[in-house]
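Next come the structures, one after another.
Below, chain A partners chain B and then partners chain C, in two separate complexes.
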Partner chain A sequence: MSIISLKNINYTYPLEEKQTIHSFSLDLEKGCVYGLTGANESGKTTICNIIRGFIPELYKGELTGEVMIKGKNINDYNIGDLATIIGYSFQNPFTQLSGVKDTVYEEIAYGMENIGVSRDKMIQKVNEILKMFQLEDLIDKNPFELSGGQKQRVAIASVVALDPEIIILDEPTSQLDPKSTEDIFEIIQLLKKQGKTILLVEHKVDLLAAYCDEILLISCGELVMQGPVKEILSDPKVVEYGGQLPQVALYFIKKAEANGSSASQVPLTVQEVYDHLNKDGEA
Partner chain B sequence: MDSRIGNLYPSSKFTFIILIILLSMFVPGFIFQYMIFLFIFLISLFSGTAIKFLATFMKSIPILIIFIFIFQVFLIVNEDSQQIWAFIHFSQIGLMTSLTMTSKIVAISSSIIWFFQVTRVKDIVYALEQSGVSQKVTFVIASTIQLIPQMLNLSRTIADAQKSRGIETEGNLFVRAKAFIPMIGPLVLSSIQQIEERVLALESRAFSSKAKKTSIYELKKQKFDYIIMIFCILVLIVYIVWRIKL
Partner chain C sequence: MSYLSLKNVSYSYANGYEAVQNMNLDFDLGESAAIIGQNGAGKTTAVKLMNRLLIPTEGEVFVNNLSTKKATTAEISKMIGYVFQNPDDQIFQDTIYKEIAYGLKNQKLESAVMKNKVEAAAEICGLKESLNEHPYNLPYSKRKFITIAAVLATDPNVIILDEPTAGQDRESIERLGKLISHLANQNKTVITITHDMEFVVREFKRVIVLANKQKRRDASPREIFWDKELLKLSDLKQPFICQLADTLGYKGILTIEELLERDKNETYYN
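For the complex of A and B:
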């Protein structure tokens, strides 16, 4: 059974005539990392909001189709309680803070306070999360006084503290420097090891290639490509749909095209390029 | 705020300032009320907030006091008013009225300033939640206080952006007022946009969960808190009884 299942989703925002999402169906399996990519305004964030239940609960608009979370219709969940099943972290680190806590320590505990976790358990969990996200040095700092990267880490940590099975990360690295971006991806790797299902919206395909199990490509509100990383990110059609291919893969795709051979085995990550070149050297 | 007084339970400090406010309002004359100011200053010394207390007080209250004095003593015409020049009079009654009025303002405002300087917002929010106030109400209080500095930062960013596009933001009052108008639009719009994102962020932290809320922050009433509260209530009762007997 899929942990998330969307069946024939169509959605139109209020006061808009054009549908943002059309005939969108998707099944996500437990414990996998899915990279959702596509051009700007293609509907990536809208899909995340539909899965989380913010659409139509908070955004209203016209939604048809069926959203199933862990085999149960999303309408049967309370939107507040869904936070314990689906963690959702947004693009802008500046508006993700609760705005009511004056230390990182309390900010991370905020979600647990809302679901009534006992104080002892909360302290234990916060300490665990602080260690996991390497935030120990910031515990007494005001979250608003942190850098963008630190805020983003705190925001994701606060969501992970609720121990959700599914985590949606909507462009978590869009405002971060390369080091902070690497840190976030290390955390994603760690969460995957814990068996979390992750839906990661991201434009940095090089990183998606390195960390995801499957790629979902969305274009003009439609799911146009879905499959294993290797298969999707070596297909030149991705570019036609407004997506991007990993930089390291482009050279090998062009070379394969010139040779008239298949591009499906091209290396996508730096490690794969290294292995590939070593193999060629040996040959 | 980390002083012994700062670490008291908010309701103990609140009971104390309620006592001060009631006494300031009902004790006749003005000497007692002005003495209250000195008393509060003394307490702020013990709380380690004396300089901050004086700075905040001097920035706001004296202007109000001077204004009241000018109006009551020189501008409002009373039975005993003596003309000095044109519409300016001197009145003994006005002087007494302004002294009584301003002494109450001084006593009440100084105790309120002191209270907020020695009480953390999270302590107030915690105490309110423990006394059964809705989480939505405490959220509004806490977020408003936390977000004021963020709004100021945002307005500074917008002002810098306007400046870089050639709008004069410094100079006389007229220039500043002119620069303020184009700033209101972006400030209000970005604040509204941020509210939408913040609603989603709060929902991601189970804000509307039906579960009974808990708190990682803990503040317990100490023996001294009970002593203060009982003392304040006793003083109030003694005063009421004394006034009735009079």
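For the complex of A and C:
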């Protein structure tokens, strides 16, 4: 049984004439990391909102099709239960922070307070999360005094603190420097090892190539490509659909073109090239 | 003196936190630069000192020979436009047209002139079709372009873009690149904070690295991205193609094209 299953979803926002999502079907398996990518306004965030139930709970409009979470129709969940199963970190960290807590420490505990976690357990969890996200030095700071990148890490940390089975991260690294971005991807790897299912909206395909199991490419509200990372991110069709290919893949595709050879199964990451060279003893 | 100049500038926030330490930077008109560095390195504070959103605790910032300590914000903001990191800090009108026109209101322009300026700025930011829409009908990535258009409409000599590449797709990043070269051709200075190293390689000849409140190096992308010691100390990474070239044993390469060219030569000599 897939942990998330969308069947023939169509959705139109209120007052809009054009459908944002058409005939969208998707099955996501437990414990996998999915990279959802595509041009801006292709419907990535809308799909996240449908899976989380914000559509149609908060955004009305016209939704047809079926959303199943853990084998149960999403309409049969109450929104509170859904919140503990699916964690959702918003695209803009500035809107994620509660605004009612004065310190990073309290901000991270806030979600747990709301669902009535015991004090001891809460303190233990907050400390674990602070360590995981390397936020220990910021615990006494006001979340709104943090830099953009620090805010983003606090926002994601407060979602992971609730220990949801499914985690949706909508552009979690958009405000982050390269080092913190890789740190977030390392955390995603760790969450995968804990058996979490992760849906990651991201433009940084070079990192998706290194960390995801599957790529979902969306264009104009349709799922146009889906498959293992290696297969999708070496296919030039990605670019036609408004997506991007990793820099390393682009180089090898262009190199093959220059040599007049075919470019299937090119390496996607520097690590892959490094491993290959060392295996052959050419390095 | 350069058009924009930071002389031994330090800045501490009211709570005592020092964000910028003894920084010296000079920009001539028409000279663009990317500012890179870790989150918390002092990048946003440094640029806010340039447009007088902040006034140095020590040292001085000069814009066109005018110290920001003596000038008014109105005087400085005519010369230096700043696009905030978070577009929602900056948007407060109910149509995109009004938002872009807002900064022009004080200039007492004829309405036709104003309309021209708004439309020109909207055009270059890809917003011409959306002028009558509510800013919040557009997604975050497009809202960023609204704030850029609003600043461009006021025609400042220096434009500061704070993380314009954040959350942008390929097409928008290409649009930003075109916008930056267009401004450079008009002899404007564009100072851009970004974490997108590929973007830096493509669009800038000058890169300033900040780390731990200080300027670490001010040089060309090639010098910066092959100074591995500097990158390590500043917690930065080489662009992916530099990493690939390094793994393949080629030094000094910055782009896919250079790497392909290098391949050709290898084959030739083989």
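Rule of thumb we're sticking to: the second predicted complex is superposed on the first by the 266 of 283 C-alpha atoms of A that agree within 3 Å, B and C clash if a C-alpha of one lies under 4 Å from a C-alpha of the other, contacts with A are read in each partner's own complex, and residues count from 1 in each chain.
Everything that follows uses one rule, which is that a contact is a pair of C-beta atoms (placed from the backbone, for glycine too) under 8 Å apart; a residue touches a chain by one contact, two chains touch by 3 or more.
Computed from a predicted structure; not experimentally measured.
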| item | value |
| --- | --- |
| First (chain B), second (chain C), both or neither touched by A:Gln19 | neither |
| First, second, both or neither for A:Asn92, with chain B first and chain C second | both |
| Touching partner for A:Ser2 - first (chain B), second (chain C), both, neither | neither |
| A:Val117 touches, of chain B and chain C: first, second, both or neither? | first |
| Chain B versus chain C as contact partner of A:Gln175, first or second or both or neither | second |
| Partner chain(s) touched by A:Phe54 [first = chain B, second = chain C, both, neither] | first |
| Chain B versus chain C as contact partner of A:Asn10, first or second or both or neither | neither |
| Which superposed partner A:Asn127 touches (first chain B, second chain C, both, neither) | neither |
| Partner chain in contact with A:Gln226 - chain B first, chain C second, else both or neither | neither |
| Intersection of the chain A residues that touch chain B with those that touch chain C | 92, 94 |
| Interfacial residue positions of chain A with respect to chain C in the complex | 38-41, 45, 91-92, 94, 145, 147-150, 171, 174-182, 203, 206, 239, 242-244, 246-248, 250-251, 254-255, 258, 270, 273-274, 277, 283 |
| Interfacial residue positions of chain A with respect to chain B in the complex | 49, 52, 54, 58, 78-81, 83-84, 87-90, 92, 94-102, 105-106, 109-119, 122-123, 126, 144, 155, 158-159, 162 |
| Touching residues (chain side chain C, partner chain A) in the complex | 15, 37-40, 44, 85-86, 88, 139-142, 163, 166-172, 195, 197-198, 235-237, 239-241, 243-244, 247-248, 256, 259-260, 263-264 |
| Footprint of chain A on chain B - complex, ascending | 121-122, 125, 139, 142-143, 146-147, 149-150, 194, 197-218 |
